[in-house]
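Think of it as A, B, C and D in the order they're written, each chain with its own count starting at 1.
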Amino acid sequence: MTVPRVERPGLYYPKLPATWWLRNANYFRFMLRELSSVFIALFLVVFLIQLHRLPQGPGAYAAYLETLRAPGWIIFHVLALAFALYHSVTWFNLTGVVQVVHLGERQVPPRLVVGASFALWAVVSVVLLWFLLRG
Amino acid sequence: MTEETMTLEVTRYRPGHDREPRTESFTVPYRKDWVVLDALNHIKDRIDGTLSYRWSCRMGVCGSCGMMVNGVPKLTCAAFLRDYRPGPIRVGPLANFPVIRDLVIALDDFMEKLRRVKPWIIRAVEKPVADGEYLQTPAQLDAYKQFSMCINCMLCYAACPVYGLEPAFVGPAAIALAYRYNLDSRDEGYRLREPVLSEAVGVWECTFVGECSVVCPKGVDPAAAIQRSKLAGATDWLLSMIMPWGGRR
Amino acid sequence: MPGDDGYQHDLLVIGGGGAGLRAAIAAAEESNRLSIAVLSKVYPMRSHTVSAEGGTAAVMRENDSLDTHAKDTIFGSDFLADQDVVEVFVKEAPGEVIRLEHWGCPWSRDPDGRVSVRPFGGMTVNRTLYAADKTGFHMLHALFQTSLKYERITRYDEWFATSLLLEDGKVCGVTALNLHDGQMRPIVAKAVIMCTGGAGRIFPFTTNAAIKTGDGMALAYRAGVALKDMEFVQYHPTGLPGTGILITEAARGEGGHLKNKDGYRYLQDYGLGPPTDTPVHRKMELGPRDILSRCHIQEHQKGRTFDGPDGHYVHLDLRHLGEKLIDKNLPFVRELARNYVGIDPVHEPIPVRPVVHYMMGGISTDITGKTSLDGLYAAGEAACVSINGANRLGSNSLTELLVFGARAGRAAARHALERPTLRSNPLAQLASDERRRLDQRFLRADGREKIADIREEMQKAMESGCGIYRDRATMEGTCQTLRKLRERFAHISLADKDAIFNTELIAALELECTLDVAETVARSALAREESRGSHTRTDFPKRDDARFLKHSLAYRTPDGPRIEYLPATITRWPPEERKY
Amino acid sequence: MLTRKTSEPFWWLLFAAGGMVAALLVPVHLLVQGLAVPLGWTSISHARMLALAAQPLVKLYLFALIALPLYHWAHRFRFILEDLGLRGLRTPIALLSYGAAVLGTVATLWVLWRI
C-alpha cells in the first residue's frame, strides 16, 4: 500500500524515528489518548467474562468477583478509569471540532457543542449510576 | 559598553559535501524587536554569506520563512528573539521535508498534491461575466473563510508525524484547501475531489494528532477539515450502501 | 517540467504574482494552441501581491459611474495619467473583479449576497472591493489556484531570469538560473511578459518584501527599453515604525483617525478638513497618499509628532470603531499591530509613519502592455502603462494588475501565434556565455566589497535624495553616490561559490538590478523641475504644466540614464488645480 | 471483501461509534464494577444482575457497550503500531486488529445469548 518515494540525489531525506512521540508534550498526550483505547478494551473484556460467569450460578460469579478484589486488579482498574476519563475528555473536546452543528444559517460555535457534549455525558453518567446502584 | 548577544545554533547542509546536516553556532546581537529572521539576515550580511534560507514579506503572509525553531515549526519572521532568551536558539529546516541546502526544504511534493486536490471553483455551467457575480451571503462566506486563510507555509506538514512516516499522505494544507472549495457555495466539484481525498493516502491516513492545527500561524485548523472530510466521506459511503440510488447528492 | 527538447515555449511570463498569473491565464484562454510558461524567482504564492491589504477598485454600484472612477484616478495622478488608458482601465475593471469572484476569491459580502465596497483615499464613492484586509493574499491565491487547472501553463519555480535574449532586435527568450541546481539555461519564447513587480527595496524603509528589487525593470532597461516616470515613488502614510509593515488605508476607510502627539486630528490644518465623526470621501484621513505623507513631515517639522527609537510617528486611532468591526473588516491590522508593535488597536492607537510603498513608474508600455521592443510586454507594478501618473490612488493597483495583466497576456498571445517557431540551438551558446559572465563577475573575483555595504549605502542615498521632499543639491549628491557604488559593485566578492541554492549570488544579481533602477529614479527626479503628485521639490514647489505635463523616459547609456519626455494624453479632463 | 477505498469509511464509522459509546458510558461502569464493587463500597447481587441482563433491551445495551468500543480499540491500536514505524506490516496489522474486534463481537453475542 505504501508507495516508496523516489529520492533525488543531493537532497537530504530526514527519517522520523519511532520515538517521535517523545519529542513534544502534544505528541505524548496524543499517544496517551490512543493508548486509552487499550485499557478500555481490556476492561470490557473483563466485564464480558463477568457476564459469562453470570449464568454459571452465584458461586462462580462470586468467585470471579473475589478475583477482582486482588490489589493488582484494583490498580489496573484505577489506571483504566484514569484512561477512560482521559478518553472522554479528549473525545468530547475533539468531536466539537469535527461535528459542525447549524442552527438556521449560522454555525453553532464549537465551544457550545463541546459544552453540550460534556453536559450530556454528566446526565448519562448520573442516570446510569442511579440505575446501577438503586437496588 | 558590551552589547548583549544571543547564540543561534543553525543547521547547515551543503549538498555534495555533507552526507548529513550538521550544526553551526553564530553569535548575533540581541535586540528586543528582532525576530529570528532578522538574526539570520544579520548572519548572512555580516558573518557568513553562504547561509541559505528563504524569506520575503517579513510580515507573516507570504509563507516563505517557515523553519524549526527549538524543534517547533515557526514562521521565523514572527518568532521574536526575546521569547527565547537567554538562548541558544536552535534553527533548522522544516521537519519531514527533504533538505535542499541549509534551511531550504524541497516542497515540489506539496505543489503536486495541491494541484491534485483541484483547488479551484468547479461548476457544471459557468455564469457569464456579463451576468455579474455569484451571490454569496456573509454566512455562506463564513462557512469556508477560515479554510481559505492557508498561506502554504508548510508548518503543518512539518508538525505532522503521519506525513513524516508516510510521504505519500496528501496532508493537512492540501486537504484543508480541498475542503475549502467543497464548502464554497459557488462550487460544484465535491464529486471530483472526493476520489483524491478518499484514496489510500488521503483523509483516512490521518490519526488526528492535531499538531497541524496547533502550529498553524493563520488559525486554519486543517485537523478539523480532515476529520470533517472523513465524516462526510463516511456518511456518503453509508448512504451509498443503504440507498437504492447510491446516495448521490 | 521541461522535457529533453529544451526549454521552449510560445509565451514566457516572468514573475508569478497577480499580474503574471493573470497574464498567463488570459493567454491560456486566448488560444489552446499556446505553450505558456511562468518563471519566477519565488513560488507564485510567495509573490508580493500577497501583502496587499485594503482592496481593489471597480465601479460596481448604481451610485457610481465609470467617469467618476476615471476622474478620481486622473485627479489623484495630478493629471499625469494618460486619460485614454484610464478610460479603458475603469471600463474593464468591473469585469475583471467579477471574473476573479467566479474564480473563487472570497470577497467580503453584503447581507444580500453582493460583493461589498468600502471607501478609499481619493475616491468619491465607495468602490473598493475587499476580502477583509487580506485582499491581495486572497486574490493571489485565487489566481494561483485557478492557474493550476491549465495544464498548458508550465512553471519554472525558483528560477531567476538574468538577461533577455535578443535576435534581430526581437525578444526570443531569457537566460535563467535554476536555483535548485545552479544551472544557467536559455528559455526560448516568442513573447515575454515582465510582471516582476516594483523596486521598493532601493529604499531602506519600505512596505515592500525582500524580493522587490526591480529585476524585470532592470532587464528591460538593459535591453534598451525606457523606464517611464521613475521619479514618482509613493509613500504610504501609515507604516509601522521600524519594520515598515503596512497598515492598510482601509483602516482609515473604515473610520480610523490620524492624530498628532496632542491627540489632535492634524489633517484639518492642511486643507483636508473639516473633521467629521464618520468618514467623508476625499476629506481628512481619506485624502490621497501623497498629500497625507507630506502632512506628516510638516507636522513633524512643527514638532508635533511623537519621537521613538525608530524615528518620528503619529497615531492611527481605531479605538472608536470597536472590537467587532475591527475583527470583521480589519483582522490583519489587529494581528500585525499585536505581533510587531505589541499594541492591540482595540485598546490603543497604532504608531504609524510614512513608508515607501509603490513605484508609479516602470517599463514603458502602450495600452496593450506592449513595449518598444518587439516581443516584450509588461504589466503590473513593473510596468508603467500610465494610469497612476504622479500619484496612485489606493486600491487601483490590484485592479491594474488584473486589467493590464489580462491585456498583456492577450496581446502577447496573439503576437506569439503570429510569429514563426524559433530555434533554440544558437541560444544555448548565449546561455553559456551568460554563465561565464556571472562566474567571472561574482564567483572567481577576489574583490573586497560586500553586498550588504553597497545595498545599505544605496538605500541611504535614496532616502536622503529621493524622499518625500526633494531638492537639487541632495539629489545631485545621490546621483554621484550611485555612480560610485556602481564602480564598487564591480569589485564585489561572494563567499558562496556553490551552485545549489546560492542565495548570495541571487542577492548580488538583485543588487545590480536595484542599482540600475535607483539611478533612473534619481536622475528622472533631478530632471523634473516642478512638484507634482508624489514628486515634491522644495526648490520648485509648484506644478508646471507648461514644461512638465509629460512623462519622463529613462534610457540606459554607459554614463547613466538619459532622460527624454513624452507628452501625457489628455482627452476629456483638462488639467486643473488639484485641491481636496 | 471490501476494497480499501470502501472499507476505510466502514471501519471508521465503527471506530467513531465505539469512541462515543466509550466516552459516554465506560467511566461509570468502570467506577462501579472495577472499583466500587470490589472495594465493597456497594454491592450488586447475583440475582439482580442476572435478572437485569436477561432483559432483551439490556442485552442490546450491553452488546453496544462492549462490542463497539472494541472497534474503537482496533482502529486506534492499528494506527499506534503504524505510527510507531511498522508501516511495512500495514495489512497484517489491520487484519489482526479488526479481526480481534470481530472475534470479540462474536464472543459478546455468544455470552449474551447464553444468559
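The criterion applied here is as follows: a residue touches a chain if its C-beta (ideal position, glycine included) is under 8 Å from a C-beta of that chain, and two chains touch if they have at least 3 such contacts.
What you are looking at is a predicted structure, and each value in this text was computed from that prediction instead of being measured.
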item: Chain ID, smallest distance between chain and overall C-alpha centroids; value: B
item: Pair joined by the larger number of C-beta contacts - A-D, A-B; value: A-D
item: Centre distance in Å when subunit A and subunit D are each reduced to the mean of their C-alpha atoms; value: 11
item: Approximate Å spacing (C-alpha centroids) for the pair subunit A, subunit C; value: 56
item: Length of the line joining the C-alpha centres of subunit A and subunit B, rounded to whole Å; value: 30
item: Separation of mean Cα positions, subunit D and subunit C [Å, integer]; value: 63
item: Residue numbers of subunit D (touch at least two other chains); value: 4, 76, 79, 83, 85, 87
item: Per-residue overlap in subunit B, given as positions that touch at least 2 other chains; value: 15-16, 100, 137, 161, 165-166, 200, 207, 230-231
item: Multi-chain contact sites of subunit C, meaning residues that touch two or more partners; value: 500
item: Pairs of chains found to touch, sorted by chain label; value: A-B, A-D, B-C, B-D
item: Subunit B residues within the subunit A interface of the complex; value: 13, 15-16, 18, 20-21, 71-72, 95-100, 106, 137, 139, 142-143, 161, 164-168, 200-201, 207-211, 214, 221, 223-224, 227-228, 230-231
item: Contact footprint of subunit A on subunit D as seen in their complex; value: 4, 19-20, 22-35, 37-39, 42, 44-50, 53, 62, 65-66, 69-70, 72-73, 75-77, 79-80, 83-85, 87-88, 90-91, 104, 107-108, 111-112, 114-115
item: Contact set on subunit B toward subunit D in their complex; value: 161-162, 165-166, 198-200, 204, 207, 230-231, 233-234, 236-238
item: Interface residues, subunit A side, partner subunit D - complex; value: 1-2, 16-18, 21, 31, 34-35, 37-38, 40-41, 43-48, 50-52, 54-55, 58, 61-62, 65, 68-69, 73-74, 76-78, 80-81, 84-85, 87-88, 91-92, 95, 120-121, 124-125, 128-129, 132-133, 135
item: Touch list for subunit A against partner subunit B, complex; value: 1-3, 5, 7-8, 10-14, 16, 20-21, 23-24, 26-27, 30, 34, 94, 97-100, 105-107
